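Heads up, there are several structures right after this.
Consider the two complexes below, in which subunit A is the common component and subunit B and subunit C are the respective partners.
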Partner chain A sequence: MSNEMITDAAKEAMDGFEPAESANEKKQMDNMLDFDDDPLSATGVSRKSLVIFFLIDTSGSMKGKKMGELNTVMEELIPEIRKVGEADTEVKVAVLTFSTDVKWMYSTPIPIEDFEWARLRANGVTSMGAAFKELNLRMSRNSFLNSPSLSFAPVIFLMTDGYPSDDYKEGLKELQANSWYKFGLKAALGIGNEANDDVLAEFTGSADTVVHAYSGGQLAQMIKIIAVTSSQIGSKSMTLSDDSGREIGEEDVFAAKQKLLGQQIQELVGSKVEANDVPFDTGW
Partner chain B sequence: MFNGFSHSVMGASHEKTGLVCQDNSSFKVCDNYAVAVVADGHGSKKHFRSHLGSKYAVESTIEAIDRYYENTEDFEENFPKNYKMILRNIEKQIISNWNKKVEKHLEENPVTDEEKSKFTEEEFEKIPPESYYGSTLIAAVTSKKFTFGVQIGDGSLVALFEDGKAVMPMEYNESAPANVTASICNSNAAGMFSSFFTDKKKLIALFASTDGLYTSFGSEYDFLDYHTIITSQLTNIEAFKQIIVNNLTKRSHFGTEDDISLSCVFNQEILDSSIDIIKNAVEDNKKRAADRRAELLTKQVDI
Partner chain C sequence: MVELEIGQEVEMEFGGSAQVLSVIGSGGQGTVYLVRFNGMKWALKWYDIDKMKNPKAFRKNIETNINDGPPSNKFLWPKYLTKEMPDGTFGYIMELKPDGFDSFVDILNTYKLEIDPLTGHAVKRDIRFTSLTAMITAVINIVNAFRQLHRAGKSYQDLNDGGFFINVNTGAVLVCDCDNIAPDGSNFGIGGKPGYMAPEIVRGIAQPNVQTDKYSLAVVLFKLLFRGDPMEGEKVVRDVCLTEASELKHYGQNAVFVYDPNNASNRPVRGIHDNVIKFWRIYPDYIKDAFIRSFTVGIDEPSKRIIENEWQKMFIRLRSEIIMCGCGRTNFTSMFAQPTEKTFKCPKCGMEFTSLGFSNRESRMPLFLGCKFYDCEITPESDDFTTVAGELVENKLKAGMLGIKNCSERTWKAKMPDGEFYDITPGKGFPIWQGLEIDFGAIKAQM
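Moving on to the complex of A and B:
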């Protein structure tokens, strides 16, 4: 997916975003200020950064083509997310898998340039509540969000194919008290018929940011749409003023971003439904 | 005995929007003490004179410290005994100096129609006048006998003592999303300061910086290592100043695009006698950075 998939309506909604400086201008400035014997170049300059959290259900029901397709899509997705960050944002990725246990793919968020997908296997039950608790623990300045250059609230993307097997409400309650979660951009993807959209909407806070994939083709499309769109919106600076130039609060900016994400996801999903795809529950 | 430097660079985002630089910085070195100070004007709409507020914060701090050192002998004897109380008094003195400067400026330069035109009457009435000038402040002071610092709002204070390790003696209280930084313009500003004091360690170098510098780093380790590298070059400070200015400009342009200020004071004698320790620390830091990167890229899941 690329920028040309963003519709006119979505472009209009993004009028409050600041334009990025061109890569050429940046390069010129870099050349002007770089010289060979600068000892300070040992510590690199970090651009504004954004962390994307993927919460991925790896329970037994994901076994087979669902997990195979998900692994393939995620491998393909990484270069596309790299493009999002090319201009002026450093995107970092953190992947939390949950089945009987919860496990991070890496011990800390990894810059997208260095990120390599580790193919996942499916097994066990769906400990979604435990995943929410683990996410809550890590979404802190003392843990995964400790980078000084962190400038944007995180993007949190949940993917699951079934109903939680633990008390997800308890985990969600803890998560909902976390400021990073409150201001983060949240989206969820239900995979197959068993995924419960109500649970997913509870997680994202809105039905607009929940989509469903019933086939391998849809799964690939939905993951790309959500991941790329949310990182594009999440990594843009919005002006803290409304049309009349009056100042608006940061909370309003976060709410506007979440609303925009819902609008864009629904528009893009609506334009991408393919009828000839084989559904998970019959084909797989 | 003491030496120093300070510099402020304008952020790329402020260049784009036509804002003036909201940061201010200065340093002062005397026979008995040295002060490094930076301030970051808030820059948002209701703080429309914050570039002046940050200037007044810097001036107010140096004036306050100068006043305490008018009787150096008494001050140096009493401070270690009552440092908590004296730190509170210094903070109050800085706020008082700042308020006087703001009041004087406002009296001589009433708010213009153009400044008011950006608000509705109701909105403007709600803004306390001192908020027009809102700013953070970080001040670092060292003398022959002790070292201390005071801070209100975002920003960092880094110290290198004779063991060659860069440390942040005051906890960096980076805000979560939508939290607002503390400000010298707050009505309860006196209760919002952080501070530190030590007379147990010999200081090599002391740095104060606005948050534009901190946020241009990917990790806190890199941020601290940066100060160690600068310290390793302070023996040749005149030649190194331009390199620092270039680097701050680059960080401001490619980092979070915010204004950046860095101010430093150092003890030349202790630096000269510790330079090998500092240079070794720079090399050790490079190795540790490589080890951290290798660890970072290790996958934890079964594949």
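Moving on to the complex of A and C:
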């Protein structure tokens, strides 16, 4: 006997048992029961998602103290970003490393609650252009940005200590055509004297969102400042100030978050310059 | 901004100093620290005055609020100001959030992340209302808190999901972040979040006031009951990426309610907005109509928004329409069949419930073991929705006999099966029977 027949039989028995029930009332009662009608059983409110991309230079020149600092601060950073996302945005992290080859730490973006930092090693040359191309490929609705609900524009954070060894301009040109990149919050950190701030500003689109670290202490501070600030701004709706006095248009809000990020990074960086730290490039 | 160091002493305006113990959290306007002052623990909110348009006026407003005192005990109100630092930086202290309250954000997420201090791993703890009565009581409390605030001539300005704590067992509510509260009509430069802010603020054509608070209140209530965003449907999801321009559009210039009866362009999407789709089937029409009004005509005409007193009456009625059936199903009468004008029937188990009609309203209150009614339901002009006036109980001496117990402090009259009215003094009761009539004084009820 199939399950369906049992159900039918049970229904017949019920019908026989309650003959007084009007057809109308029965229909009404069936309507009330054809779904989970518990007013207290809800799933979480659909949250917006935010992917934070870290693009990290793992070329040979990063070996030693720089990579040590970077690995340590990234491990410490994850719990801090977790606090940022827990409110109304689901934050995911994706890490792309570039040296001779370009490689993702994990094959998909990982929710911040579950993210564990896999320590990186440094080796090889600086294929930044290839990294831009790979990022462009993955920043797509069909790939890493496939959340069914709404997304905030991604945060993209580039860290490097040297000049690109491949044609970064070609990669950047591809990336610049990507809408996620266009609306994304971009920031970059140059590490040591070799990193070229102009290249980084080309990547972020403005000098405000580029900072430079010359020492281990600064490196840790700058990574935290940029990562926390950009994920705070990226994971929330834009903040409105009410002093415009006239109707706001699309042009007023264009790249509002990127501008805010630039301001906040500059404020925070300005207040944290430590003179006594030993620069990466001295003392050898 | 000037950050405080752990252990630092912050001088208070009227003497003494508060010692900084730890950081509680930080937000758009500054950082909140745990401090010790006068042997007690307090929360200290310390401002980033660089982000303020006019710190002097802001401080003056807090001072006024401190002097006025909170509109009721539902507010975590500023208590004392600190002295100003040489650069003008200042803060204020307030009481700590008591235990047993969860943030509105965590309630909406249905869980809270608790971080294991040793490993740094995050563990999820479920957060949900333990009863339907507690949830609707929370709604009444929120509405009532804003009614009290607005009656005091003030507006909250920055109403959003970070502003409340709720006890999920009792429905008690605490309104926090009270430092932006200002006399209606003035504003000290608080920004806001699209989604909670009234569309006219998002568009930049109005400043926060009592009318915009009413819009934000409707959003908060919608989120609590329907567990979704009233303006986020198909039209918004199609944008995929929520850029600044799309927020301006969907929450300001072209906000469309997901259940606008005259505009189906922004309906909830199955798979994303399942909560809203489900709960829209459950709530009675008078509740849905109030939200439709808030989010359709109420978008462009602030004066058409639902006033707090109307919400309060509606939700007191909704709470009285909850049935806890013996089979375990708890729901509103709108989700029960109504075989006759005066009875409700559980569609799951078939159990029938009689009801009580009151002289001051049309809706009927279903009767079941343990159901309660409150002072505001039997006393005209009473605002007391927490004091239980009566409860349906089983007679302790006659098993199986159900009756209503007078839990109030007044004497009622009830018609007994012998056809005579008897005085029912506080603590006494009377059986429920077909011809029952109750005289509460100004309000009467009958089966």
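Simple rule for what comes next: the second predicted complex is superposed on the first by the 219 of 284 C-alpha atoms of A that agree within 3 Å, B and C clash if a C-alpha of one lies under 4 Å from a C-alpha of the other, contacts with A are read in each partner's own complex, and residues count from 1 in each chain.
Criterion: contacts are C-beta pairs under 8 Å (C-beta built on N, C-alpha and C of every residue); 3 or more make two chains touch, one makes a residue touch a chain.
Everything numeric in this text was worked out from a predicted model, so none of it was measured.
J.: Considering only touches as defined above, state whether A:W180 meets subunit B (first), subunit C (second), both or neither.
T.: Both partners.
J.: Contact-wise, after the overlay, does A:S149 reach subunit B, subunit C, both or neither (first, second, both, neither)?
T.: both
J.: Which holds for A:E113: it touches subunit B only (first), subunit C only (second), both, or neither?
T.: second
J.: Would you sort A:T97 into first (subunit B), second (subunit C), both or neither based on which partner it touches?
T.: Touch partner of A:T97: subunit B, not subunit C.
J.: Who does A:V45 touch here: subunit B (first), subunit C (second), both, or neither?
T.: both
J.: Could you say whether A:A256 touches subunit B, subunit C, both of them, or neither, answering first, second, both or neither?
T.: second
J.: Examine A:R141 and indicate which partner it touches, taking first as subunit B and second as subunit C; both and neither are also allowed.
T.: Both partners, subunit B and subunit C.
J.: So which bits of subunit A does subunit B touch that subunit C touches too?
T.: Touching subunit B and subunit C on subunit A: residues 18, 29-30, 33, 35, 38-40, 42-48, 141, 148-151, 153, 179-180, 183, 240-241, 245-247, 250, 254.
J.: Using the touch rule from the top, collect the residues of subunit A that touch subunit C in their complex.
T.: Contact set of subunit A toward subunit C: 18, 25, 28-30, 32-33, 35-40, 42-48, 78-79, 82, 86-88, 113, 141, 148-153, 179-180, 183, 236-248, 250, 252-257, 267.
J.: For a test of understanding, state which residues of subunit A touch subunit B in their complex under the given definition.
T.: Contacts found on subunit A: 18, 21, 26, 29-30, 33-35, 38-49, 90, 97, 103-108, 110-111, 114, 116, 118-121, 141, 146-151, 153, 179-180, 182-183, 240-241, 245-247, 249-251, 254.
J.: Quick check: in the complex, which residue numbers of subunit C touch subunit A?
T.: Against subunit A, the touching part of subunit C is residues 28, 50, 53, 105, 108-111, 113, 115, 120, 122, 124, 128-129, 131-132, 135, 161-162, 187, 189-195, 197, 201-205, 207-208, 223, 227-229, 232, 236-237, 239-245, 247-249, 251-252, 271-275, 278-279, 281-282, 329-332, 335-337, 339, 345, 347-348, 350.
J.: Using the touch definition from the top, list the residues of subunit B that touch subunit A in their complex.
T.: For this pair, the touching residues of subunit B are 12-13, 16, 44-46, 118, 120, 123, 174, 176-179, 214-220, 222-223, 225-226, 229-230, 232-233, 243-244, 246-247, 249-251, 253-257, 282, 286, 295-303.
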